[in-house]
């Protein structure tokens, strides 16, 4: 945007409101009146009143806003994008990751690494899977690209570490098998779109 | 007993601190030592029953005068050592010693004369501030007023001297000629 | 017992210290400090005399000395600042523009 | 050879050769015609039918139709597009949606063409058939579920490799609904019909291929159906870093890519996951493809050992090495010889150097005249003195390819019979002659192919002395006229009809009997066979192998080969015995025997420098160093370091001796001083192929001429042939040297190899008495060998087999059962 | 340096003075430390937070944790600093604050009951050193207290420190004038400089409190008190948003902690003076004992300081000067004149 355009841009359409600034008193008397007004009517004692009211509300009416963080945590939005979770299949309990490596490929900070092998059941098995949280920028591409909805962002946001690079291994991120029933799945990021069934072109693969 | 201990303690401290003041190369040390010495001197005043004088010493000397010195020192570089060519010390100390001796002799003259009468004797039953007030506002009223005027004049002249275009350099003659007295404008 | 002599001797010593400072130092601020020392030594002498003779005149003088000292500081410091701004130094040897 | 013609493709004129397939002509000119099943150097398979184009208004398959002058080709029309789309849809029917875990991981041609032809819906369906994955061999993994039966693998195995180890077999799938035929495009239907019936199976009827495990089928597979067993599900192709290199196992010097990636999450050091090649232009052998993990992992520089090595080199009198080194290293060793007077000893290159010099003397050339590129264009190939299957896989591929692609013929002279060679084509004649009679073989070739007028008198007389007249009874078919009376049923008329009836008649004819053929163990009716073989043949080639270099009369043989080249208008190529024997032979001035204190480089010595990790100082293996190799196509090809090497290399030692350069590759440019090499910096060497298949790797050596000196070849002595128990110094296939042995996927053992019949006699373990030394060997059976001669491998340098054989490849030995 | 004028109080034994001194030192220093806890709690509540919670029940032992932290922290002395002055400065703040307390009567005088061993029967005076210039002494000592931040700022070779000490000099000098002048009117009424006399002057119950006679002086002293103790909204000496930490920029560990102890002791001194001079002191109020009710008075002023801190923003240095010289000082002078006129009439 050139300077000319910048100056001529139409400000009027935007919802700006001009605030009337207080008139500066000209005479000494006016100034005195302003001091008196400020002191007794508006500012000083209103300030004291507000803080006192808050204190009373806090102490006696239970309007305490603080959460004792390490001991109690606020529920986090299911859409929150923190440390990754590896999900399991709800039916069998087997982990969903098939080791396709798409997350590894798409990761823009190059922090996902996996080792795979050919297992006894002739399937691709993920032997190790790590995310370097020193590098991860939580962009969510991995969750978006995952064809099996195996990797999603979870709500674990405490990722401070003593080391520059903190790694999470597959087991750390995987839903514990006994917590399988609590595994939640939400519409939205990294999930099947609500109208996914309609979007797929019907192919006669009825067999 | 207490008086003696206090006197000697204060004496040693005062002399030491004032020596530091006079001999130190560092302005900050000098200033600090001088201020501390002032506090000690107020201690003497308390010992001598001049409570009011002691408090005035504390408030005026320690609280105001020395603070002004400190404030002025911020314009100079207080952490740097003072570089000055000191003349040969021996002569000065000899001279100083002789003067001291003479002073002591002069001051101790009253010891031998017992006939000195108190012009303004202490008022019995009045506390020190009361008696000071009584004397000050009767016999010394005119000097007191003069002193007050003098202080006022000093204050104004100090402001004018130091306040001249504080933000500008005064290194050229022209600047000095062109400077105006700037009074603080009320822009509130 | 502490007598007047003690105070007078103390006062004399302090005066000497102040005097040595005044003669010896070349830095204007140091000169001021030394002057303060001299003034205080006088104050002690006055207060002591006042105490031992039961005469309040001594204290009165001390008050006036304090007042003079305060005035001196106000004017003197203003002058010092002007000087420093002009010459960049407070050394007496440097302030020799009037020297023939 | 053939004439240059002009054809029009999509309205633009292009030049191509007459008889070239349209598809190849288009590809050479960077025009895209989709094709799945066609392989450039193989015969058209016609399985995919997707290369459909319109030539002069008719629909033809571009891979199969030859270009004619003035032909107008349209690569895509509405109908063709529809047809192609239908074909791709059919290919996608029931193809598992496992792209996420498929090892092809994006390099998939099925994916590419599906997208290219915009297949976004499916019009056809059929029940799927369950197909189990199988392992065909130690290296081949086949998933028929993913297979689209394009038959590339079978084609390459037959036409290029010559194993023909796999073929299409029945799938057992549901038959197509007949109604489909009308409902869908014709070609798509027939393609589907075939696809629905077949999968790929080993052609020997068992579950295992028992082939030479070259893995070329894996390379050409367009989908993830054929994968190396070691590679299955270990990584995605996109994670691999491709490092262009030259295979360092045999003298073919094939172009390869080492594909590397960090080993695992715990171990960040790079590891080679697989080797790939430009399979359209070059074929690898099993060693090249699977023997890649021969690197010498060294933790750090061992300065003590280095100091000792410098000391050892300073006081050494001779340096012993083999030819698995780069040209640069050879030059360094030569520099050491020139500067410090060390003797350079290299068993394999020494013989080759001598042979090469003797061969070049009469011709006035430094090098042999031809290369394998040219040989593959000929239609009659002769191999002398090389166990083709084992010595050089690429020579064998060329031999085979000539039979399959050029409708060629071949003669194979070798004392040990080889079933694979015999099976390469009907027109291949093998001579299992006695060892020592190689001269006779060359004289036979002279006799058969030489233009008599160009030969010296003496030779003509000498050759004529082998011919004699004889008679032979043959049966001949003669047509006789037989007249009979036939009654017409309708009219009742009788008619005389004359018919021609064949009749066999015995006949005596006069034949020319060649005693050389008899001597070499040729077929009785060789002259007739040869007459058939020579039909429609125009170009000839000769592959000369290692046996000749190590022959007692090597010099005479070299003279004969030279004469053959001159008088028979034959393309001649010598197969260097080891990786860089040609380079070493050209660069180094070799000595015969060691003397005094010896430093061995990958060989035994008083002080051993070794890239195998068993020496006194570690050296980098060929996949850890940069440099150039001289291959048998007389090309100087660059190779790059695929893996990290932390230790010292030879150049560091040279620096220790104050004659080093900054980098090893700084030596590349100064190779130019030597015999045909050029002054090109290593970093400027190209490494690739053009679309038309032109090789652009490094540069070709110049064949510098020199003064010719003529000497007539000597006559041969029939008594030189060896009788009795004979051992032959020959490696099992896929084993070439210590490095292939080190690789984990190559496991051919260091044993005595014998034909099945002989192995049965020998039992499990034998002691071989070389006269000077006795060695215990396990007996291994080589299913494809024939005859009584046993093979003793030389790939372990530690065993010093060369010394035991004493400069010959055949040796009379005593074998005792243990 | 306590000035103990034994001649003035002949009935007071040195044991009593010592006990009083110990009481003051022990209680005030404890309260000064505890003040930080109170402050954090009160500020937290006013911002709907919990404040310190984890050390001890309701965070009561937070002060101990803070103390341990301050004592064990590394004592950093900057390389270019004037090291001696840098080290002395914090103790000046703390020392002057406690010396000033020597002349402050917090509780009425009492005699320790006979049944207490060793100390039974000792008379404990209401004031440790009842100098007849008590109120002026306190003001003087608090004026001397300005050397703490002043020297600290000048000694640390840091430009924020210099700015901090400059502000110290300006702010303390200006507001000493206001404190002195505002206190003058009550002094005129009482006719004595001794705080005990102030207390006795107001023994007539609620209505005789000085605040009703001198409301202007009360407000002026209250405002000046905030400035003298370096409390919000006048905490320009170490205003983080402007000058990092002002005079305390380079301080760490216990030296930094001493500034705080001094500040809290000064807060208590000001609270006590306000309670004694204007709010009836430790006189009994109705049925409530004086020593009991005075605690509430002091606590109220202490709380007021926290309350104001939670409520009001900082002001600019020029506004501070403007307030001092153009509003408060003239008002104080006028107040004195009016008081004098009223007294004459």
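What to note about this one:
The letters A, B, C, D and E name the chains in turn, as written, and every chain counts its residues from 1.
Going forward, a residue touches a chain if its C-beta (ideal position, glycine included) is under 8 Å from a C-beta of that chain, and two chains touch if they have at least 3 such contacts.
A quick note: this is a predicted structure, and the numbers were derived from the prediction, not measured.
Among the remaining chains, none touches subunit B as well as subunit D.
Connectivity note: excluding subunit B, the chains that remain group by touching as A, D, E | C.
For the pair subunit C and subunit D, there is no chain touching both partners.
Chains joined by the most contact pairs: B-C. With centres computed from Cα atoms alone, the innermost chain of the structure is A.
The centroid of the Cα atoms in subunit A and the matching centroid in subunit C are 71 Å apart.
One inter-chain figure worth recording: subunit A and subunit D are separated by 60 Å, centre to centre, where each centre is the mean of the chain's CA atoms. One inter-chain figure worth recording: subunit D and subunit E are separated by 100 Å, centre to centre, where each centre is the mean of the chain's CA atoms. Put simply, the C-alpha centre of subunit B and that of subunit E have 27 angstrom between them. Multi-chain contact residues, meaning those touching two or more other chains, occur in subunit B at positions 52, 56, 64, 68, 73, 188. Among the residues of subunit E, none is found touching two or more other chains. In subunit A, there is no position where the chain touches two or more neighbouring chains simultaneously. Contacts between chains trace an open chain of neighbours here, each touching only the next in line.
Here the chains touching each other pair up as A-D, A-E, B-C, B-E.
Across the interface of their complex, subunit B is touched by residues 1, 3-6, 80-82, 84-85, 88, 131-133, 136-137, 139-141, 143-144, 146-147, 150-151, 154-155, 157, 162, 165-166, 169-170, 172-173, 176, 180, 192-193, 319, 322, 326 of subunit E. Only residues 98-102, 104-105, 113-119, 122-125, 128, 130, 147-148, 201, 203-207 of subunit A touch subunit D when the two sit together in their complex. Subunit C makes touch with subunit B in their complex at residues 1-2, 4-21, 23-27, 29-30, 32-34, 36-37, 40, 43-45, 47-51, 53-57, 59-60, 62-64, 66-75, 77-82, 84-86, 88, 90-93.
By the touch rule above, subunit A contacts subunit E in their complex via residues 44, 47-48, 50-52, 54-55, 57-59, 63-66, 68.
Residues of subunit B that touch subunit E in their complex: 2, 26, 28-29, 32, 35, 39, 42-43, 46, 51-52, 54-56, 58-59, 62-64, 67-68, 70-71, 73-74, 78-79, 127-129, 186, 188.
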